[in-house]
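Shared between the two complexes below is chain A, which has chain B as its partner in the first and chain C in the second.
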Partner chain A sequence: MNALSRFFRRLEGPQTLGRGPAFWVGFLVVLAGACAYPLFSDGYTVGNTVYFFTWIFMALGLCLIWGYGGSLSFGQTAFFGIAGYSYGILTINFGAAYGFTLVALVFAVAIAALFAALLGYFLFFGRISGVFLGIVTLSVTLVLERFMAQTAGPEWRIGAARLNGFNGMSNMPPLTLPWPGGDIVLFPDVQLYYVVLGLLVVVYLGLRILVNSSFGNILVAIRENPERAEMLGYDIRKYQLGTFVIGAALAGLSGVLYTSWGQYITPSSMGMTAAALPIVWVAVGGRSDLTTTLIGTVTVLAVFQALTIHGSQYALVVMGAMLVVTVLLAPSGLIFALARLVARPFAKRQPGDA
Partner chain B sequence: MPLLETRALNKRFGGLHVTNNVDLVLETGEVHCLIGPNGAGKSTLFRLILGEHLPSSGSILFGGEDITAFKSFQRIRRGMSVKFQVPGIFKALSVRQNLEIAMQHHYEPATLAEEIDRLLAFLNLSGDARRLAGNLSHGQKQWLEIGMAISLKPRLLLLDEPTAGMSPEETHATGEMIKRLNADGMTVLAVEHDMAFVRQVADKVTVLHLGKVFAQGSIDDIVADEEVAAIYLGQTTAHATAHQQPGGLHA
Partner chain C sequence: MDVGTLAFSALYQFGDAFAFLVLSACGLAVIFGMMGVINLAHGEFIMCGAYVTVSAVHAGIPLPVAVVIGALVSAAVGALVEILVIRHLYDRPLDTIVATWGLSLIGTQGTLILLGSTMAGVGTPFGSFQVGDYSYSVYRLVLFGMAVLVLAALYALFNWTRFGVMARATIQVPHMAAALGVDTRLVYSLTFALGAGLAGLAGGLYAPTMTLVPTMGTTFIMEAFVTVVVGGADVFLGTAPAAALLAVVKATMTSWYGQLAGQIGLLIAVIIVIRVLPRGISGFLLRERA
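And now, the complex of A and B:
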């Protein structure tokens, strides 16, 4: 019991909303609902939900880098694409036997993280920050998109894997879990749903522990005032780089899950539109908190899909408008603005308190 | 051995010679004030000592170690600490969290909360621990930042206009606090305009003018120096040339 309460204390802190028994009971209720959901739904809808879930990892990574660390990365899709293509190249060449897809997942995420470490080293140790960080990261993802788009010729192959230019790479195997008496193939829907849901819970709780640790303290200090943080004796470049790599690895995880889910990845997953969407998801919900980011991302994705069905390209215009409205009217995010609106009549405000 | 020493320190920004051959010696245990008219190069010298600027030539020694090429955070870890002129606090975080961030690597987790409480009491901020730092009054923000600076238990405390924007009462209280910290063994270097404050705390005063050390001595020597009074009144050009030769009171 003592160990359990110690564990819960590490999940809570000044950097996350939601604490105390009420929040965690609510968390368990939502989790139980999510676990029961496939029992009441058809395969297609469950598969569609998995598709939503795969994006959340990238959103949580951006929340960490931008919302907590204060560095706007406009190029999370670069790591998404690198990991997605890496998964395809590895599995097409080495197959899916003996649970190799899981090895490929780990390698693909590691490749994305390594690329982020290299890029981040030059960015942060070169003291590039603010809008320039956004410009450089966006440029990187656009360059990767352009590069992959011109790989249509047969000479662009790595082993058995054709890169296929703008048509994209396809026919990589889905994820499989090695299991005695026959591997479990995580082909959309239910099995994959549970695996991705489990990953989501682990990543969400892990990030809560991270941001409420002393590392998280320094991260928000850098966001608030980098000079002061350095003048307390912290090498802020290392913390920024570490955060960037973790965020990139999460974008990479999204990339692998997306690629294995649809058995397909194209250069446009690293393009301008794709790069802008994570920023909308994270900003609209409220980027400075993991829970609001998670709720915001799921909500915006659901709205986006509903709009796409009815109005195809107009959905993107609505997304853009949503971002503008958020930035102008509720810069800290719509969930925070709503909470403030609801709390206003009940709050006994002291002058000068927030 | 002096705690801090700058040797023939120079800093040029393009054609502007902002720090001109400055030799400054800070003995362990003293309160040293850096004064001078606007544009004298006080802030630049301060930033050179902190490592925010790197000098064009010359060297900086701290505790006998050459730290000229060190990054700011490395200097802080060697035992420097700084309070900026504009309060450098984490505005969107609580007062308590501000101190926690400053202190978390200097104390065991078990004693951290207790140490934060003690410092909050020292700063007279116990009742404001849960408030956002950005919502404090101006004086309280200054106190909070001084608290963050001294929580590192530095050997050398650097203060950039610590009393800017404070009332005379707050200024006096700040001076008393600095004297108490100094009595506990902290060496202090302060950039300051307020001469009453300088008189209250300083063991030694260095006057900068046009990037050079213009005069150095006790506060009484400095106040008695007519040429120092003259540069503050603006009669600068005639006297600046008169001070080319070293010797006497003038470095």
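And now, the complex of A and C:
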């Protein structure tokens, strides 16, 4: 019991909203609801729900970089694309036997993280910050998109995998779990749902521990005042780079899951519009907290999906308008503002609260 | 092929790249240099200028006048955007980027809904001329001339006019300028409109050379970003030399390996430059002088 309560204490802290038994009971209720959801639905709908979940990792990564670290990265979709393409290239070349897809997942995420480390080295050790960081990361994404879009010719192949230019890669095997008595192939169905849900819970709780650790405190200190953090003796460049790499790895995880979900990836998943969407999810939800980002992402995706399903061309216009309105009226995010409003009557004043 | 024609070919390609970089970046650079705001809807202002110009030409207006109309309409839209959105965000530069990105989404998709996926263009005027074995477009030379003209006009505007003096005072110490009776809000509005108008001008000038699609802004935006990042905050000490430097990189890489290699070359150049000169060329030059 003692170990459990110590574990819970690590999950809570000044850097996250939601503490105490009430929050965690709510968390368990939501989690139980999410676990029970496939019982009340059919495989096809559940498979579509997984599609939402695949994006959340990228949103949480951006929340860490932007909301906690204060560095505006517009390049999340670049890492998303790199990992997605890497997964495709690896699995098309080496197949899916013996659980290789999981190895491919790890490698693809590692490649995205490595690319982020290289790019981040130049950016953070060049002390690029603020608006320039956003522009450079966005430029990287746009160039990557254009590069992949022109790989239509037969000379653009890596092993057996054709890159296929603007049409994108397809027909890579989906993720497969090695299992005694026959591998489980994770098509967009109930099995994939539980795997992704499990990953999501692990990542969410892991990030909560991370931001409430001393690493998280230093990160927030850097966001609030980089010079002060530096004067206190922290090498802010290393912390920023570390955060950037973690965020990129999460975007890469999204990329792999997305690629394996639909068994295809196209260059437009790195384009200007695609790059804007993570910004919308995170900004509208409330970038400075993991929980509000999570709720915000799911909400915005649901709205976007509903609009798109009803054949509305206005979905992207609504996204843009939502972004502008959020920035003007609720700069810390709509869900964040709402959470504050709901929590106010219940909040006990804690030492350190303003 | 003798040395003369080779040299002309290299010079022509440099001029073409330089014109593209200067024209696509100057609007962004004016707004960034004066206000510290990065306008991510820059590409959409370029698109706006191009669409208005082409519509005007279809309506029977001669191209030079149509380009001016395109620039003016973009400037008007820019002024409107400044009053409705940007004005409220001056103390939050990062949020301005995000808000202008929202505007960019609205602009691209809105144009797609209203005007369809493509618009009939106009032909490139002036024809071509022959040097050695290759033929060159006259219009590209006109564009180079326009780029130089725009830089000269901006220099004159900021150094020799009343608006220029007030604008420079406002950048240096906003509250002091305000105390001396400068209407800083008006200066910011006009500057933003100027930047948007320059973007529209770029769109209008390049409209005859490209296909009109709602996403055409993204063709310009990466080059514009890169030039502004390398140049830093000053239009004359930054954007112009940065465009010259990057034009060499771009023209060389493009003539070796094609268009995309040119863009990748630009990107690698910018990443190396910011590692060495984080404040861009103008930051480097100004520190040297100070």
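What we mean here is this: the second predicted complex is superposed on the first by the 336 of 354 C-alpha atoms of A that agree within 3 Å, B and C clash if a C-alpha of one lies under 4 Å from a C-alpha of the other, contacts with A are read in each partner's own complex, and residues count from 1 in each chain.
Note that contacts are C-beta pairs under 8 Å (C-beta built on N, C-alpha and C of every residue); 3 or more make two chains touch, one makes a residue touch a chain.
Just so you know, these numbers come straight off a predicted model, no measurement behind them.
Of the two partner chains, neither chain B nor chain C is touched by A:Val25. When the shared chain is aligned, chain C comes close enough to touch A:Tyr314, but chain B does not.
By the document's definition of touching, of the two partners only chain C reaches A:Met322; chain B does not.
Of the two partner chains placed around the shared chain by superposition, chain B is the only one that A:Pro14 touches, whereas chain C remains out of contact. Number of chain A residues touched is higher for C, counting chain B against chain C. When both complexes are overlaid on chain A, the residue A:Arg146 reaches chain C alone and has no touch with chain B. Interface residues of chain A facing chain C in the complex, by the touch rule stated above, are 72, 119, 122-123, 125-128, 130-132, 134-136, 138-140, 142-143, 146-147, 150, 271-273, 276, 279-280, 283, 313-314, 316-317, 319-324, 327-328, 331. Across the complex, chain A is touched by residues 50, 52, 71-73, 76-77, 81-82, 84, 88-94, 97, 100-102, 104-105, 131-132, 134-135, 148, 152 of chain B. Within the complex formed with chain A, the chain C residues making contact are 32, 36, 38, 43, 85, 88-89, 92-95, 97-99, 101-110, 112-113, 215, 218, 221-222, 225-226, 228-229, 260, 263-264, 267, 270-272, 274-276, 278.
Of all residues in chain A, those touching chain B in their complex are 14, 214, 217-218, 220-221, 224-225, 227-236, 352-354.
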